[in-house]
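The following blocks contain the structures, represented as structure tokens.
Two complexes follow with chain A in common, the first pairing it with chain B and the second with chain C.
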Partner chain A sequence: MLELNKNYFELFGLSLSFQVDLSLLKSNYRQILLKVHPDKFAHTTEQERRIALQYTALINEAYKTLVSPLHRAIYFLALHGVSINLENNTAMPAEFLLEQINFREAIETAEENEQKLLIIASEISELKQTIIKNLTVLFEKITEENLSKAKQFVLKLTFFEKLLADIKERVQH
Partner chain B sequence: MVLLQISEPNQLPANKQRYAVGIDLGTTNSVVAIVNEDWPLAIADPNENVLVPSIVHYQQNNIEVGEVAKQAVTYDPLNTIYSIKRLMGRDFGEAKRLGFDRIYHLSTSANNLPLIKTQAGEKSAVQISADILSFLKKRAQKTVGMELSGAVITVPAYFDDAQRQATKDAAAVAGLKVLRLLNEPTAAAIAYGLESGGEGMHVVFDLGGGTFDISILHFKQGIFEVIAVGGDSALGGDDMDDLIANWIIQQAKLNLDLLSLTEKRKLLLTAKAAKEELTTKLEITIDFNKWQGHFTRREFNKLIEPLLIKTLKYCQNALQDAELQIKDIKDVILVGGATRTPAVQEYVAKFFQKKPLANIDPDQVVALGAAIQANALLGQASGELLLLDVLPLSLGLETMGGLVEKIIYRNATIPTQKSQQFTTYKDGQTGMIVHIVQGERELVQDCRSLAKFELKGIPPMKAGMAKVEVIFQVDADGLLSVSAKELSTGIESKINVMPSYGLTEKEITEMLQASFDHAKEDIQVRQLREQQVVAEHLLVVVKKALQEDADKYLSQAEKNKIIASLQHLETIGTTQDSLKLKQAVTELEQATQIFAERRMDGNLREALQGVSIEELPHAKD
Partner chain C sequence: MSYGKKVLDHYEHPRNVGSFNEEEIKDGSVGTGMVGAPACGDVMKLQIKVDKSGKIIDTRFKTYGCGSAIASSSLATEWLKGKTLEEAQQIKNSEIAEYLSLPPVKIHCSILAEDAIKAAIADYRQHNQSETLKVKTDNE
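After this line comes the complex of A and B, so read on.
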């Protein structure tokens, strides 16, 4: 399974760049699935279905990774030898942590008020977009310094994603 | 080395007309459909009835299913089983919570599954469902005049792993080859997609007897992609009946606890009839146990309003999960008998700001869509059709303190996989237990326990040194399988999967055997025949593959090796020994593994080449 050993970018015929043409990714993803999805082998053999299942499972995983800026960034860093241990990275700048605490408090005070929660969410989303822009710039030139800076941004991004997930859960409840 | 005869390749079985059915195995009614000359059709009985009541009547030496069994509900209630779908994949405690112990005599199986005591013996939900499936299978085979090549069976999108597995087991017991388990809303979308050909976002609002599903699907270039699903597996038209029944109790000043089983049944039937009458009338009269009263649609709507608001909340959540707004939705499709209720249609129309589609019979639409998919899976569809479904509920692992760590999130496109690394926490530890649960809640006790398994045979090392990689794979049916290996030594660990729910392998085999005893057919003959079909099919496919791609992907030595295995299987093909045949099949599969993988690689590359020429310039979402 040589193709499956390729990195996710190559797998979808994309160049190794953090900036991804999402419509091209989607279109290539669809074209690939039309050729390798197990349902395309429902009338052939068990063996082909098994292989198709492995391919499709990985391709879905790869697609999901690339489509999300956060997961794409983590993957991109990993490809450049920088791993992120999400559990053990709490050494964030005090100022950033303070901002997090403020957001947490705002979410708590908003309680079940959907309107208030959505306003907080849009504020966080804006900060998220700024980080993604920063990452795009940093990833254009791969240096040790840039990668290390990018890692900090990715960690911040995970904090924001957690806040957004929390808000979503409150709104949906 | 004798060269392979490839001048006259065998015909693929797909080239002659074969039939696979779509089956909607419903809580209240079931439907079987086929595609004939590109058009889906629900199969009726001689009296033109398409709906088969999902009811089984067990007599001492006979099993009745459907309309006939429905008659028995009144005179032989203890041996007449209905709504069995609600028990699929459920344990004994859940059966009691669902009230089955109030209607039937229950006992438990070894695995804590509920069994219903009948005069024909104790019956599991799988067995009872299998009896319904057998009935549908026979109906279809009578119509097409030949054995079926397989079936697509629909399940509520919200069915968890245990419920899906139970459905698949039932099909196996009924002797049906499951080509695919398909989510009911997806099936409905296919039926409508075929009709309208409309690309875009579709919402399927499926309110059945006992379940509510909301699905958002994107249809583009022949691919149906499920974007988000949501719903409630304990919310449906039956709840409306319960509300009306309670209303009658109140109005008639009766005590529910003092009613006999027969009276309770009558009360529910009266409530159901009232609901159905109100779809066309604004006011009706209800008679129950000498009490008579007026009931208006307005009163009914008020009773069910909380239920409707609940369904819309699920719609709202699904839209958020999909990151969509109401204006992005092209069509809303109504499925399920309970969507006939006018208030449901009004609420849905108001929420989505458009008139929902309901022109295909909501009782048939699911089976029709399943039939279209079944036909496509046989390779007989005229156009391109591919479904990308999602995992309805997150899969997680139990961690310290009874907490759940999610490994695959709900709404992930399936098939998918995820690997997770574990390490030992004691010196010399050789085993560990992994507990998999399904659900969204944070505590293990609030989720459904799927399986507990033991990783054994880890080489003894210092604590934290052994690294075990566990791979969780979810197939296109939404079913989970697990494999593991120890990374530092590369030892493939033996996994003992102990399902927390569901039937054991042994119980399924026994049921299969019992069904054959009943049908006076020899299970060995059947197994041999099945093995022969597999062998024949494999031979045809491998020959065709060699003819097309051998030069592209194989060295002469590799090719010779495959041909040797192939000829071995050919000479053994007529044997009456199913074990020998199986060995030869496995041998050929092993010999062609690399070849099959390289061909799949080729498919993948081909897919991208096709894209770069045609699609690149205007690729748009």
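After this line comes the complex of A and C, so read on.
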């Protein structure tokens, strides 16, 4: 049962493609979880219980990674030998950073005005969707050039995700 | 996350916040550095105003990010004042991190500040170099 050597796509019986059928992923995830449910291991050995628990943790991590386009893209790049190195990558294109600062200022000016925040959020979501579309195309043909282009898109995506998370937090408060 | 005393001080009372206005930038004495950290989505803009002798006389910053990123850039703008560009170039992220007692997970905030300083210096040098070149070609 332990399939620690399989990659996340293989774990869920998906083909190695950036485009993921989310409903298939979800249903396969649920099925696997049922198989390793702690109730089924109530009368087994300590070791078997421990393995089941480890497997559950792995499956959860794999699901969390694949369900998010950002984390799926980072993982997909890693499988192809490209590390993002988020910690030390600070040189983004100037116009991109300017756009980020403009968004930040717009969010700040909107304060707690939910309607304004949601308008900004939809604008950011659109940019995010464009990036995901670009990634989908780039990942269809794995070449060194496409992977390096994809890496730049992934870096940008992290900023948009952060903006959306910040807006969500403001709206909820 | 609990922040250290020095981080809190800079976070609550950030120094040199803002931007230089058009008028101040017009004469080419301002260098602007913009950097961003994908790890946390933080964005930092740091500006230096340089006098004719190559000394930094004033600074500004705008940082959208966590307390550590704000403190790192606020501290950087303080340290930059009075330094020559060469001295400013020597500021290391480790000194910022050490001064603010940043925990390991927040080291990237100080890296961001160091990179912003370097970017601002590079920006200043770039348009001042082209200024000199322009003067040269004008004279020819």
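The definition used in the following text is that the second predicted complex is superposed on the first by the 169 of 173 C-alpha atoms of A that agree within 3 Å, B and C clash if a C-alpha of one lies under 4 Å from a C-alpha of the other, contacts with A are read in each partner's own complex, and residues count from 1 in each chain.
The rule is simple: contacts are C-beta pairs under 8 Å (C-beta built on N, C-alpha and C of every residue); 3 or more make two chains touch, one makes a residue touch a chain.
Because the structure is a prediction, the values reported are computed rather than measured.
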Which of chain B and chain C A:Ala94 touches, first, second, both or neither: second
Which superposed partner A:Gln172 touches (first chain B, second chain C, both, neither): first
Touched partner set for A:Glu61, first chain B, second chain C, both or neither: first
Touching partner for A:Ser27 - first (chain B), second (chain C), both, neither: first
Which of chain B and chain C A:Thr44 touches, first, second, both or neither: first
Which of chain B and chain C A:Val36 touches, first, second, both or neither: first
Superposed model, chain A: greater residue contact from chain B or chain C: B
Of all residues in chain C, those that touch chain A in their complex: 34-43, 45, 62, 64, 107-108, 111-112, 115-116, 119
Chain B residues within the chain A interface of the complex: 14, 150, 179-180, 220-223, 316-317, 320, 376-379, 384, 386-388, 412-418, 473-476, 534, 537-538, 541, 589, 592-593, 596-598, 600-601, 603-608, 610-612, 615-616, 619-621
Chain A residues touching chain C - in the complex, by the definition given at the top: 84, 86-92, 94, 96-98, 100-101, 104, 155, 158-159, 161-163, 165
Contact footprint of chain B on chain A as seen in their complex: 1-3, 11-13, 21-24, 26-28, 30-40, 42-48, 51-58, 60-61, 63-64, 168, 171-172
